[in-house]
Amino acid sequence: MERTIPFETPRESEEVMAAGPVAGRFSRPAEMFWTAFSSTRHTGLFLVAPALLFLAIWFLWPVLSMIVSSFSSHSVDGVMVEGITFENYTRLFSSDLYFRILMRTVRIALLTSLCAMVFAYPLAIAIARGGPSLARLVTITILAPLLVNVVVRSYGWQTILNKAGAFAWILKQVGITSPPVLLYTEWAVLIACVHVYLPFMVMPLAAAIGRIDRTVEEAARVAGATRLKVFIRIVFPLSLPGLAVGASLVFSLSSAAYVTPQILGGNFSPLLGTLIEQQILTLNDWPFGAAISTLLIVMVLTVNLVFLNAVNRRFARWTESAR
Amino acid sequence: MGNPAVTTNRGGGSVSLSGISRRYGASQVVSDVNLEARSGEILALLGPSGCGKTTTLRMIAGLVQPTSGEISIDGKPVTTLPVHRRNLGMLFQNYALFPHMTVLENVAFGLSMRGTPKAEMAHRVKQALALTHLTGFEDRMPAALSGGQQQRVALARAIVYQPKVLLLDEPFGALDKKLREAMQIELRQLCNKLGLTTILVTHDQEEALVLADQIAVMRGGRIEQVASAREVYERPASHFVADFIGTSNFIPSAVLESRNGMTTLAGLSGNVFTSSMTTNLGAGEKAIVAVRPESIRLTPGEPSGGETNTISGNVLRTVFKGQSLSVWLDVPGLEFVCALPIEAIGATPPEPGTRWTANWSAERTLIVREQ
Amino acid sequence: MGNPAVTTNRGGGSVSLSGISRRYGASQVVSDVNLEARSGEILALLGPSGCGKTTTLRMIAGLVQPTSGEISIDGKPVTTLPVHRRNLGMLFQNYALFPHMTVLENVAFGLSMRGTPKAEMAHRVKQALALTHLTGFEDRMPAALSGGQQQRVALARAIVYQPKVLLLDEPFGALDKKLREAMQIELRQLCNKLGLTTILVTHDQEEALVLADQIAVMRGGRIEQVASAREVYERPASHFVADFIGTSNFIPSAVLESRNGMTTLAGLSGNVFTSSMTTNLGAGEKAIVAVRPESIRLTPGEPSGGETNTISGNVLRTVFKGQSLSVWLDVPGLEFVCALPIEAIGATPPEPGTRWTANWSAERTLIVREQ
Amino acid sequence: GFVRNGFAAGKEIHVGIWGGSQGEFVKKEIIPAFEKDFNCKVTAEEGFTLANVGKMRATKDNPKFSVMFIDDVAIPICKAEDLIDQLPKGDMPALANLYDKFAFGGWGSALAISVASMFHNTAVSPPASYADLWKPEYAGKLKLVSPKNTPSVFFLIVAASIKSGKPFAEAQYLIDDSFDKVAELKPNIMNLFDNGPQAANEVAQGQADIGLLELSKYIYPYTAKGAPVTMSFPKEGSFAGNNCQVLVKGGPNRDVAVAFMNRMLEPKVQKAFSEYALTAPPVSGIEFSADTLKYIAYPLSEMDKRGLFTPDWEFINAKRSAWTEKMNGIFAV
Amino acid sequence: MTETVSPAIRIVVAIILLMVVAPLVVPLLMSISDTAFIVFPPQGFTLKWYAAVLANPEARGSFLFSLELAAIVTTVSLVLGIPCAAGLTRFKVPGQDIMLGIILSPLIVPLIVTGIALLQFFSMMNFRATLLQLVIGHTVVCLPYVIRSVSASFVLANRNLEDAAAVLGAPPHVVATRIVWPQVRPGILAGGVFCFIVSFDDYPISMWLADGNHFPIPLYLYTVIERSFDPSIAAIASLMIFFALLLVLVIERVFGINLARLAS
């Protein structure tokens, strides 16, 4: 597999990477800096290190100690108790409540990613391929929900989805007299999640679609592909890197959602995030909350890695030998 | 799930362009092009870089909308027919291979769009790959192919489903001569067998001459001449065509007389030329005598005198070109270039500084209008 | 902000490759290539599609690391020298124009990397654009250019800063013959004037012959022959080279005797051939007699008998190629192809079905080893 | 006086206060005056009870806050976790007027008392008894407070009381056996809300008829502004929601903190604070206008008359987790 | 090149945009209601809620602080994130998968958990600077957006062009700035925009780390919502939408980045 590297020039085989210091003189400090660091096998590490270190100190460490605390327990009156115990995990798996909520979390997160994907493609195509004003309109519009506070936003949805809301009204105009009740169901949660997390899908997709060579699409058209087929066979696979980013963002974010399920799901369909908030803020059961968090982390990480791996492997296939 | 309107067929469709124009912003890239490719024939679009060849092909394919004019395939206007319903095969100048598909998948694409059964698909793809000398490359990704290999994949992809009309934009540009010639023969045979109508953009005059039934020479977005290969070669309609079709020597002249199918002209420095080309130019009118380098014989020394179609000068330089030796004679007002077949070189090849006389037959004397 | 280590210079650097190999996965793409381009010379890399030409260029540029072997420029090993310090100019087969920069910015890029002053930069860019016939296109984006225009931008970008070594990967592939020839001349002059060392990948034999001081013929990743243009043409080292350098007729033969600089051979069907090429093959050893189509004269009817270097057969087909007429004779065991210069065609041109005899001189009889 | 309060000069304390109108008043009125009088700096940080407890716990080894406002529910927890100190009676003269039931054994003091009960749209007439809410006519018309919020415990007590027929004080110990009753109410529940003001707003708009239960301090500001929502007090009784202050153990500038806590209980402050937030003061001897008295239960006798019930938090906190799990099991799957 | 977005897609886009906007129009309408509490549909017309919000020094202060915080966080995240994305996509880094996992995990861990874990950690280290705490906390959750989106654009960048530039004499840092940068800019921009918005909208982290002097606007909004659910919160929401529009214009004008070409 040939690797190509932007910031360094000798590349490819490890023998070369290891070939030692660069021959020649350096005329400027800047160049010396870049060259020096581009010719060692540690360049990648060097680039990744600051961010990684930052997250290791300010995220991993605190969160790992949180995970460690999931192995401690708290006494009935909310007081923390020292020592290692698996009781939080036993509790997690002894009742089917948590398992069912885990499954709901996975379901909502997957559905959100799926719906976001369906809605995101036309939007991303409009951004990537439309004129500047269309692109601007779409971009601003889909970003807007992110800037509106979740409670206010949810209130907007409530107004639309309630029995006498805009949604019911529209359905009535179309002749559906007994509109399905959406508010305070999983559907409302799904709708609201898709609504806010849509831009996280659209933007990476638009970037990926914008990079697709138009003549490749044209070639497919000429070969007899309908627009739909062009999409399925050309645009979709070539946008996979963007989709992978979008899907992993949306899946992760919706898995951890906790305000929306409370407000729009009417607390009837909480996700794991809601339970975590409940444990930590209401019940003071920090260890059990940590245990649920650990479960959530493991779940999302697994799904993400499996998914990313699948996409990356496929993607690697057509870039690995690219020059 | 085939698209019933798009099926493979064994007879090519005629293509006709009438009054086609295309503008990009302020620049008129194609102007009032009228062209007719008859069913089953190969039409070559020839012309200098940037003259609008690719744009014309793209308009036929439906990838670019003409700003005005009408395109029909098989007599039916296609201006509103979507690209994928036109049943065309097209080889793009930059290949436009699908980067995420293997060679096999690239080639099979058009067939799968037509719902071709698996077995037949495999068979046809195999054939197309064999034809393009790509057997063994089935599972490569395009990025791992050389330039010429990519071009051949693009060709295989365009022909595999035997479209009604084949649009080829410099199909052999990245191939060496041997391979190019082999593929030209294959293409010719394929077109004959299937009666494919082919429109071929090329910058290789020889390719156009060998492959094409008709040649359309374009210049600055306009058609300068459309005619059979031989006619374009032997009776170029203009200075430009003559010039473009093969490096020629152009001698500004004036018509002396024209009768019995023979025209006599006087060159500016007194040389007299006779041509078997008839012309509707009257006596005294200006014309240009054009002589192709390979039409010329060279003899050492000065002309014997009184002969027509001779011109002499000192050798400026010579260049060995494999099949021939190019010799530049220093003739007042121009550099006269002759291409001597290797075999025609006698014991004393022309050396720079020596004096030689060029002569040629009346049959090889072209008369073109001044521009 | 100039990079003083990288300056324009007026003398080319010699390039030498010793024992260069490159593998991609399991496939050996370049094997043990030894090459030497002397300062100021033009070396053409010639070879069929996929033989490793581009890969070799990319190794010289430093874009691909050889799996083994050593590359030096001006005698200094460059294997560890980063690409940008090698002071090369390169034209990529697929152009690799910067899509976000105008033509002007693309061309100016290399100069601005060298800290060329504004005024000089403007001047040089202008020159390079004029040289490549692109004046007026300064502000276009690459996407709005035709294929040939893009290629010329790529050329202008590669030469504008007069690098030590110029690597050109099919620099004129997308250009029509006229423009190509014009650019070849410009390039030749540029190289001479500046003494640039140029390594040129081309699939156009004529281009190689016209431009190159040396030709290296590659085959399947190996060098088959490196020699002057003329020598490669006249003394091809192998069947492959002879074949590749121009369609040839190959007649399996056996050596009868070889002396006084003349070799006599017997063809399988009894014809006797004499060649002025010496060979170290002994009597009785197998060899192949190769004859170039354009070395052949055709006379109607059977040979008069007793002559060497003749072969006769019925005409299979003829193809008009502008400068020449190709004639295929049906000779037992092979199709014997002759290229008749238009001027050499007598009153009765060869018609399919008629019998003709081909003959050629001992000087044009090549002997190549069997493979 | 400068001389008297000189000890505080230039010092800074962090006080964790609530959000809402109470927080607003503390920030705008009480703190600036205190800062002026004591020439010190008070940095207020808005939060809510359980978050404030969380902050104390997270910063236990290195306390950042000196005074924390929390609800009575959390005082036992803070005590048990050793997060707070007892109030220094001697340094806090204002403690003298504090009703004893709001002194929490010296581990803090109440600051404001509101009533938790049912709220409804003024267009509907609320039932006189909580028991009626189980009737099918209320199908889909009730909003129930989510288990995340403290008043959820009040609802569990109501359910236990309805099931057992016992008063709140006894019923609170019977909650464990009452979840079947809770489950029976499910068809009537439109949603579980966790933002009181928002729920009040929806009830005001007629999207639901009745909400149960919420503290008066979240409802009455709307009633006062003319929104068609108000509270009703079923015959089973109501609950007291006690907003308190505690002294953080080991917090910086303890002397300033104590002075601040004392200031919070001074009559002038208490009167203005109560009028602003429509809550009852925990101290005796404050005069209110009739208008204000519409919305608050004051003095202590009035609270007792309305049967304002304060649960046994120590008992409840120990059970809360299990109960929440049961609530989740009923409503969340 | 001439074929743009098909009419069918335009229609679908229009419908989706309407659906996206609908729930935001509701607060917009509520914000002009001349009632002391939120009603829908609005009754009467007034701009007093806007006036009230704009005149409120607390609201203004929180808003400006959030702006400042988001700007710092975006800068820090880009500075840390861009090299990291480059390193991850263009180099062989040992344990790449694990690193990617680590980098993504702040997206996954519930934010309240991250927030309280950080608070605990800061307290343990006796680390008191609130602004710095907030910057760190926000950067932790914003960094993944930047890295994710920037690394995707690195993967998609055309490496042929980098080769070409290197041959032309461009040293690595110039290749990075003149060739790679224009190609990855859309990804960087998208990452930056997300970063800014996520920081600007963050509640769960700030909830733990903020104090009275550093009080981001989402926290302020919460206190307002708790105080009273009146049209002023709708006014704030509307103002934030207008602010988004303004922000886009500023980005386009000041930075010369055409947001519309974000993806080209």
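The chains carry the letters A, B, C, D and E, assigned in the order they are written, with residues numbered from 1 in each.
Everything below uses one rule, namely that a contact is a pair of C-beta atoms (placed from the backbone, for glycine too) under 8 Å apart; a residue touches a chain by one contact, two chains touch by 3 or more.
Predicted model only: the values in this text are computed from it and were never measured.
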item	value
Chain whose Cα centroid lies nearest the overall Cα centroid	A
Pair with more cross-chain C-beta pairs in contact, given C-E and A-E	A-E
Distance between the centres, which are taken as Cα means, of subunit D and subunit C, whole angstrom	91
CA centroid of subunit A to CA centroid of subunit E, Å	14
Inter-chain centre distance, subunit A versus subunit C - centres from mean C-alpha coordinates, in Å	54
Whole-Å gap separating subunit A and subunit D, where each centre is the average of the chain's CA atoms	39
In subunit B, residues with contacts to at least two other chains	63, 94, 144
Set of subunit D residues in contact with two or more other chains	51, 54, 195, 198
In subunit A, residues with contacts to at least two other chains	8-9, 31, 35, 38, 151, 155, 227, 277, 280-281, 286, 319, 321-323
Subunit E residues touching subunit C - in the complex, by the definition given at the top	1, 160-161, 163-172, 174-175, 178-179, 182-183
Complex contacts: residues of subunit B adjacent to subunit A	3, 6, 61-63, 82-84, 86-90, 92, 94, 96-101, 109-110, 113-114, 141-144, 157-158, 161, 167
Residues of subunit A defined as touching subunit E within the complex	3-9, 30-31, 34-35, 38, 43-48, 50-52, 54-56, 58-63, 65-66, 119, 122-153, 155-157, 159-160, 166, 195, 198-200, 203-204, 206-211, 214, 227, 241-242, 244-245, 248-249, 252-253, 255-256, 258, 272-273, 276-277, 280-281, 286, 289-290, 293, 296-297, 300-301, 304-305, 308-309, 315, 319, 322-323
Interface residues, subunit B side, partner subunit C - complex	24, 46-50, 53-54, 93-94, 144-149, 151-152, 169-170, 173-181, 203-206, 209-210, 229-230, 233, 243-247, 292, 294-297, 319-324, 339, 341-344, 360-361, 364
For the subunit E and subunit A complex, residues of the former touching the latter	1, 4-6, 8-10, 12-13, 16-17, 19-27, 38, 40, 80-81, 83-84, 86-88, 90-94, 97, 99-114, 116-118, 120-121, 136-137, 139-140, 143, 145, 147-149, 151-157, 159-160, 162-163, 166, 171-173, 175-176, 179-180, 186-187, 190, 193-194, 197-198, 200-201, 203, 218, 221-222, 225, 233-234, 236-237, 240-241, 243-245, 248, 258-264
